[in-house]
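Sharing a structure with you now.
So that you can tell them apart, the chains are marked A, B, C and D in the order they are listed, and the count of residues begins at 1 in each.
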Amino acid sequence: MSSAPQINDPDALVLSPDPSHPANLIPELCAAFYKLGWVTGTGGGICIRTGDKVYIAPSGVQKERIEPSHMFVLPYPQPTTDRIFLRRPTLNLKESACTPLFWNAFEQRNAGSCIHTHSQNAVMATLLWPGGMFEISHQMIKGVRRGGNGPALSYLDTLRVPIIENTPNEEDLKDSMAEAMERHPEAAAILVRRHGIYVWGDDWQKAKTQTECLDYLFEIGVRMKLAGLPTVLN
Amino acid sequence: MSSAPQINDPDALVLSPDPSHPANLIPELCAAFYKLGWVTGTGGGICIRTGDKVYIAPSGVQKERIEPSHMFVLPYPQPTTDRIFLRRPTLNLKESACTPLFWNAFEQRNAGSCIHTHSQNAVMATLLWPGGMFEISHQMIKGVRRGGNGPALSYLDTLRVPIIENTPNEEDLKDSMAEAMERHPEAAAILVRRHGIYVWGDDWQKAKTQTECLDYLFEIGVRMKLAGLPTVLN
Amino acid sequence: MSSAPQINDPDALVLSPDPSHPANLIPELCAAFYKLGWVTGTGGGICIRTGDKVYIAPSGVQKERIEPSHMFVLPYPQPTTDRIFLRRPTLNLKESACTPLFWNAFEQRNAGSCIHTHSQNAVMATLLWPGGMFEISHQMIKGVRRGGNGPALSYLDTLRVPIIENTPNEEDLKDSMAEAMERHPEAAAILVRRHGIYVWGDDWQKAKTQTECLDYLFEIGVRMKLAGLPTVLN
Amino acid sequence: MSSAPQINDPDALVLSPDPSHPANLIPELCAAFYKLGWVTGTGGGICIRTGDKVYIAPSGVQKERIEPSHMFVLPYPQPTTDRIFLRRPTLNLKESACTPLFWNAFEQRNAGSCIHTHSQNAVMATLLWPGGMFEISHQMIKGVRRGGNGPALSYLDTLRVPIIENTPNEEDLKDSMAEAMERHPEAAAILVRRHGIYVWGDDWQKAKTQTECLDYLFEIGVRMKLAGLPTVLN
């Protein structure tokens, strides 16, 4: 942490009485995502960026029991060499393994928040759409924005979400996710086959509502596919 | 807002310690609907009319996090020209895009409340009943009233819910919904293909319990259809 | 109410600081059943008998919003002529339409509590077992007691739940339910085709846990049947 | 209880203001498991061992309503003859019938906690994998540890969970569970056909997160199998 900025009291970065402070929001949202079945086990989570600071939850912990004091705070942008932190929890914790993937969303889409889920709706979609793209049309897709941060899609558009192949280590997904985001500038999220999804937005509200819309679409798409109904109309 | 009535303190319309005040009920009910999967993303909602005032939630926000101060209050009836308000939230919010459709329920059925959901049970019903009508008989339909505000249906009746085709913009559904309501005076709700449903009632309790009954019937109807069981008996 | 016993303060029958008082338990349990999907709309409910008093919720109300002051209290047994009450809510409410059916459980099984649900698991079971009996074996049936109040079933037994046909009015089920209970003394519950189930027990705890066990068995039985698996082994 | 150690105030073993005390955690976790559908009726539960003391919930009670005062505390290890207790609840309760099976996890894997569920995902897995082993690969299995207490599995590994046959009495599963654990040292859990699962871990957190991961894998495995998708890739 040689080049880490000097912060007098790093804990002040995560201790706030304001419920809308990122260090309070992340535990609250992770608990809500747990109830939705998005982050069971210890998988998945959410990070929030407020300008030059990024708040990230620890790796490998029960996501519905995170506390503000467990948060990592990183400066944004990061140097290209070692990763540096403004604040680390005193407990023996490691920052989320999703960190490099969240960074894709910050750098390529200027996102203010990125969500990762292991939702079974997303995973089933990657199994029933064996190619490189989930597609659905004529459903309630207008809650999703082009590229995740552009204008909303219309009912008459076809929603397309690229699917990349999974790797044993989460961080090894960084390049293929970055490449998929670059090749598909209109993509609002990236599905990872047999694993889950990454969704971003300008702020946590937009990241969350877009994750909900997409999860809804994967669920109804899977139900339609299993019922023999076409998921894209011309 | 040239012709808007003069209200000394518009905020007094939405700030009340009474939990049964519409401005308190709407946030509570929207949070409950979120848990039922009816209003994920930012879709769906409920409006309540008490005599000459209509309380409506904002558009495009997380429905489980609405606050009383976010409410719009409109006079009823409205002039035929511009829409007028008794109270608008100070935040930069837009009233629900469902407003013209809620108005159909007020004008054609004298409803005291109208609910809109994106429930997957309703959407699947519109996909598996490809014609213009969902039909089911010999189920627990007696919680549904004829026309939404008349006497309850009997176990021996057949429940029929008209299905209209979706449009890219919610407000463009107004005419086809109004026409379906007029053509089917016994209809207690209107399904919108690949989108959701509008259900009304004399008050919020009746609108809510009828929405629950109908959602239950769509769910069991879809399960029956997928299991190869007939959904209407003679 | 000519022959009703004289009670000085009928409200004292339902107002208690004790959370285990029936008038407090019924609202709490109905709210829990709502979350399980057993009493959506306004259907279903629970009654509790403590010796010579029966506590019953009102008919046609939102079951998750019942309050102790909404309770009816009836003496047990009842005269064979008009129904009498020890206490009625001041609101314009009607006692549950299930009252005559709950009485079957009191009279024929000496039950201390009876639960009625519209659970879709129960209804689907009545559709996929078109005869007069739901049967399953080699599942976790040992939470169910013979006759609802006898010794527990064993893993090696076959659970049998009689199915009676529905009628337009709930009270018209009284005789066929009574007859099925008499014909099947080992039955722990009675299914009503296309409608739901009645389950009883010595007290509310046993009625509730048996309802949960049975609902679990209907759910797994339906899943097995739809997957082409046999539900009874020899 | 002839050889039971002398404890001056046995209730002090279960009365603590610390929410992370096992006697407080077990009721909290059982209530959470109830919401997940793992312990409906009265089945299933969790035990926690802290060094030489084992905390176990009572048998045959509503698992979402357990209180700290209902806990049994046993010394670990136990003599080979009669079972002894450090503390029993004053109520007329029996310790969990799973106790001998929990002991397998303590003795064979040095576990600090063991969880038993009746989850339908686990039961369906035992029905759709009719042999002696549930197998899945290329899913998010990395939350599961080899043997339940070793290094985590990798995405490229195949998860294997042995399935033993059920018996009428829970305690009669002790030997076949012990044998399966010995024959499969890499097994992180033991499935019981038509009944449920036993999962252990170094502490309650690891037992719980591994139970969640496994339940997720049974759910997706069952969905894949029913959709005709292969669950193990080469």
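The criterion applied here is as follows: contacts are C-beta pairs under 8 Å (C-beta built on N, C-alpha and C of every residue); 3 or more make two chains touch, one makes a residue touch a chain.
Fair warning: this is a prediction, and the values are worked out from it, not measured in the lab.
Q: Touching subunit A and subunit B alike: which chains?
A: none
Q: Over half of the interface residue numbers used by both subunit B and subunit C, so same, or under half, so different?
A: Homomeric contact, different residues on each side for the most part.
Q: Please work out the Cα centroid separation of subunit A and subunit C, and write it as a whole number of Å.
A: About 45 Å, centre to centre.
Q: For subunit A and subunit D, let me know how many angstrom lie between their CA-based centres, rounded off.
A: Result: the chain centres lie 32 Å from each other.
Q: Could you classify the connectivity of these chains, where an edge means two chains touch, as line, ring, star, complete or other?
A: ring
Q: Spell out all pairs of chains that touch, sorted by label.
A: A-B, A-D, B-C, C-D
Q: In the complex formed with subunit A, which residues of subunit B make contact?
A: The contact residues of subunit B facing subunit A are 40-43, 62, 118, 120, 123-124, 127-128, 166-168, 194-196, 226.
Q: If you look only at subunit A, which of its residues touch subunit B in the complex?
A: Answer in residue numbers: 138-140, 142-143, 154-156, 205, 208-210, 212-213, 215-216, 219-220, 223-224, 227, 229.
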